[in-house]
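You will see subunit A twice below: alongside subunit B first, and alongside subunit C after that.
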Partner chain A sequence: MKSQRLHKYILFLGIGILTSCLDNVSPNEETGPEYFTPVLSSTLGQNDFPQLERNPMSKEGVLLGKTLFYDPALSQNGKVSCASCHDPSMSFTDGLGLSNQGVSGKPLHRHAPPLFNLAWHKGLFWDGGSVNLESLVFGPLTHPDEMGADLNEVLHYLRGSSTYPALFKAAFKSDSITSALVGRSLAQFTRNLISQDSKYDQWKRNEIELDDPEIQGYQVYQKNCSSCHSEGLFTDLSYHNNGLDASYPNPAELEGIYLGRYRISFEEKDRGAYKTPSLRNIALTAPYMHDGRFNTLDEVLDHYDHGVQVNESLAPQLTDGIQLSEKERSDLLAFLNTLTDYEFIHNKAYQQ
Partner chain B sequence: MKNTYKLLLALFTLVGFASCDENVDDVMNIEGSADLSLQISHTFGEEAFHLDQEYTATNGATFKFNELRYWISNVELTKENGETFKVADSYYLIQNMKEQVVQDRFVLPDSVRETVVLKNIPAGTYTGISFAVGIDPMYNDDLTQTAGELNALQNMSYSSWMWFTSYIFTKLKGTTSQGGEEVAFSFETGSNDCYRNINLQLEEPIMISDKMGDEITVQNDIEKLFSDINFDGDLMSGTQYVIGATKPELMMKLSNNYQAAFTVE
Partner chain C sequence: MKNIAILLIAILGFTACNNNDKDELPASMEVNFSFAHSLNGQALELENEAYTLPSGESFTPRKFKYYISNITFANSTNNSSYKVEDGYFLIDQAGKTSFSVEVPTAAYDQLTFYVGIDKSRNHSTDQVGDLDPNNDMVWNWNTGYKFLVLEGEWEYQSSERQGLIVHIGNNDPESEQNFKAISFDLEDAGKSLGSSATANLSFEAELSELFINPNTLNIHELESTSIMGGDLAIQIANNYQEGLFSLK
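Coming up: the complex of A and B.
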């Protein structure tokens, strides 16, 4: 009996030591980050919001990501933030074909894509070469013609700042600031950018009505555009050659940049293929295409009308182009305008 | 009373684990373990490998090197009874490089690192070692999942591979003369398809006890990395010979060569 009591005592002692130690390690345990899953509109056509088990979204993580997103001090010259090329008022684009607003002033080879509904994208960048937002963010952050950051200098800046350490601690319960946590918080912020309250969404939810040209434009869209720009996200998230060029130069120093998805997949069908951009917010995201070659939606529709270059990898849907009457075109443009999401671009939660 | 002692021993072990300073080594020693050094001895054929030294291959071509870097990962040891022990978080960057400027402005210091210390190997007799060249997909597909020495700061992930999510598994750079002028070459591998496992049987079993560690030396013959690589037009990109992400077939061949280049003395 005596020995049993002793055993119990020793066990308690052991548990006491264990828990007291844990308390010391993370004083924040009880008030840890508040995890959440965004609420979705049925009009996105998605069953659920894909969370990453290894980087679940928290309010604190998103806030830290937002702070980093708008902070030009991360860049080499202290003048370029993520938002320099991803401006919320233009659905997180920059209005430029090929930006020369990076730290080097040299023009980029790809057009800055809009940032929304990224949680469903399996491949990121125009050719899908990046496979998650966590990894992607190091690209623009360190590219010598974009933000040109030295990650070691970035960490030095963040660690010495008066505000960042508390933000990191709140988001990740961690006293150490690492490049991995920079990547994860920026991923949380960008994954949380959801556009689902356009006039189209409200119409689909029976909250408002569209006028006749808009409804007829919707039918033109369904008949001619929806095979790639699938309703819901308004992209099939796949890669197609839409006939912009007949052939593709391949200078060695550009590592296959003009080959499109081919440089990732090495499949012939992907030569000159790029990810279908969403039609959501399209009125805000000119110029158009992966290299921003078309300034207006009329130029885009002209391309599909009579500009399609035929080669072996051309998307089969475009072999004969897409010819619309004048009325069809104006109806379609009216419908495309209903996809502008003013709630999204004015959402204070997404802004500085 | 015997049970009480056992319980006390368990408690002390527990205290050891729970104590806030990370004295893990001491704790593990109680259970019988030690460190094992894995030394990688680089050669070119029979000669010791040094940067800037000129080597002549069996076919008469000459090579001079200025950078050799690669990841090894997922180290596993095999006991004589066939049991295996996986070394936790075993991601190591092996390198032999001169100071270099990255992205036109960051300086990476010169560095030679050819030995890794495998921590807390349980006591026993081991007859085999396996490891991979490259990073497994779970970590390679997300640069924010860090373990061991993995991190995005070492110029072994993005930079020139900005558009492609992967660590750069291997880098080998220098100049070569294939009978004529000296031409620069830059050979890199990366992407999940380039991950290669290497299984080696030790000549003599090694013993690990709680008192004594041991050492394994593995040879990597750099000459073998060039097996079956033709220095022809396909290899030329601009003014240098290049293997990299834009040439997947050559990357596969080079990855296979890495797999075949390791032997044990």
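Coming up: the complex of A and C.
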């Protein structure tokens, strides 16, 4: 009797081990992807986390997206991944003004934007030309000066890989690997990059205190910056001409790249207008502006102090520039430094 | 009892007869669409240098492709119609220039199709089939599909060769700008449907029509021959709605 029971236990144990092995190969094949909604800090100022009905986030989808994000084999020469220009240690930008790190080695015309809190962005890219992450990812993936990928070759690589088919199956319950699913999984990973644990957030949640210069800098921010860099996401997600240039060249081969939002909207007010970048993690995201022309925050503040170029589409808030005293400036910089989110840049879940 | 049996046999007989009648035409017909392209009356061949644009430039085409979608067959007598759902077809001078659709068998004397992609499908590109983003028809700096693409090189009176890039899509997500309906009277063309199980509709697209009627574009006088939106794109879209396609 006793030995019979023992046999049964061993049998159960064996089944348990087998099952767990199978689970490793294809997680949740029985139950399907585990869908989730990220938990948000009140300090983001957002009531909900927008997702696309056709592409709800799942743990498996995010994992697949992360694997693709860090995989240089997707690129034409096998050397450039998304992370090459979107490095987690710099809140997913690259520290370069106009990168020449793409497959062609030619410099780009826009600065790689940091990636966080993207779920709330109605327009993506500096000019808002792309309207959802699912579609955006094909831009950098196929651009000849970025990853230069041929999507048919990407699919051929993924289908022939020893790991990807199981990841796709787990994420989308599908045996077929398509461009659309590549886009959706990368969208899930990037939509899940949420920065909400800076010193500022902790202060707002009454978890810590800020020192005097930081608090005074917060007031300088509120008075001078918050009309565009709205508190919460620290961007109004809108487009403004902040007076970088008086006029905009338009060479045919560059498809209106210097015209700003105008090339998308064809509205005069959008000439030279770009999306307000978030001030979150700003200490990590130099150089600044859509073309990375300013190397330091002091240069940015110098521009607003006396460098604004006036033309018809200039944001009305900037007609007279923004003049700060030396103390106001140093307080403001102290406050801006509280917006660095070390939890975010060290979050292992976002890294390879 | 006997009477009932006779009645039943009679009914069965009638039904059988009816079935026989219907068997002549299946429940659905296959309609084959094919597209031939010409420029200034000559059959289009990519990389061939022999063409002249309406405003006098010599032109070498390199790419010509467009989407046909939202195909609807209609009967103008009884006001019935049938729309091909989820039908998005890429026509490519360098690739596929024909497709087939299944249509419930009935008499149709009108046809409408659109050039381009409707709003419900144009705001995302994570799609499959002919809308797969690997078809070189999605923008890499914008979201959505190029409805019609013509690329090539032109020169005028020994000027320098320059690129002509025509990428027509939609710049205004709220509207369906440049998404154009094109209607054909099948009866006038002697192509009314409903009398056979397969029908062939052969269309010709004359590329000159992109630059004339109702809007005239003088290529060598344009500030830029890279047309990717704005007013010039709208003018070209109005031109393709007017006379680009004819049913042969």
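One rule holds in what follows: the second predicted complex is superposed on the first by the 322 of 352 C-alpha atoms of A that agree within 3 Å, B and C clash if a C-alpha of one lies under 4 Å from a C-alpha of the other, contacts with A are read in each partner's own complex, and residues count from 1 in each chain.
The criterion applied here is as follows: contacts are C-beta pairs under 8 Å (C-beta built on N, C-alpha and C of every residue); 3 or more make two chains touch, one makes a residue touch a chain.
Predicted, not measured: the structure shown is a model, and the values here were computed from it.
Of the two partner chains placed around the shared chain by superposition, subunit B is the only one that A:G148 touches, whereas subunit C remains out of contact. Counted by residues of subunit A touched, the larger count belongs to B, out of subunit B and subunit C. Of the two partner chains placed by the overlay, subunit B and subunit C both lie in contact with A:L136.
By the touch criterion defined above, A:A246 reaches neither subunit B nor subunit C. On subunit A, the surface touched by subunit B in one complex and the surface touched by subunit C in the other have residues 54-55, 125, 127, 129-132, 134-136, 138-139, 142-143, 150-152, 178-181, 183-184, 187, 252-253, 255-256, 263-264, 266 in common. On subunit B, the positions that touch subunit A within their shared complex are 1, 3-4, 7-8, 10-11, 14-15, 18-20, 103-106, 141-146, 151-153, 157-160, 162-165, 237-238, 242, 244-246, 248. In the complex of the two chains, the subunit C residues touching subunit A come out as 123-128, 132-134, 138-144, 163, 165, 171, 173, 224-226, 228-230. Contact residues on subunit A toward subunit B in their complex (touch as defined above): 3, 6-7, 10-11, 13-14, 17-18, 21-22, 24-25, 54-55, 76, 125, 127, 129-132, 134-136, 138-139, 142-144, 148, 150-152, 178-181, 183-184, 187, 252-253, 255-257, 263-264, 266.
Taken in their complex, subunit A has these residues touching subunit C: 54-55, 125, 127, 129-132, 134-136, 138-140, 142-143, 150-152, 155, 178-181, 183-184, 187, 250, 252-253, 255-256, 263-266.
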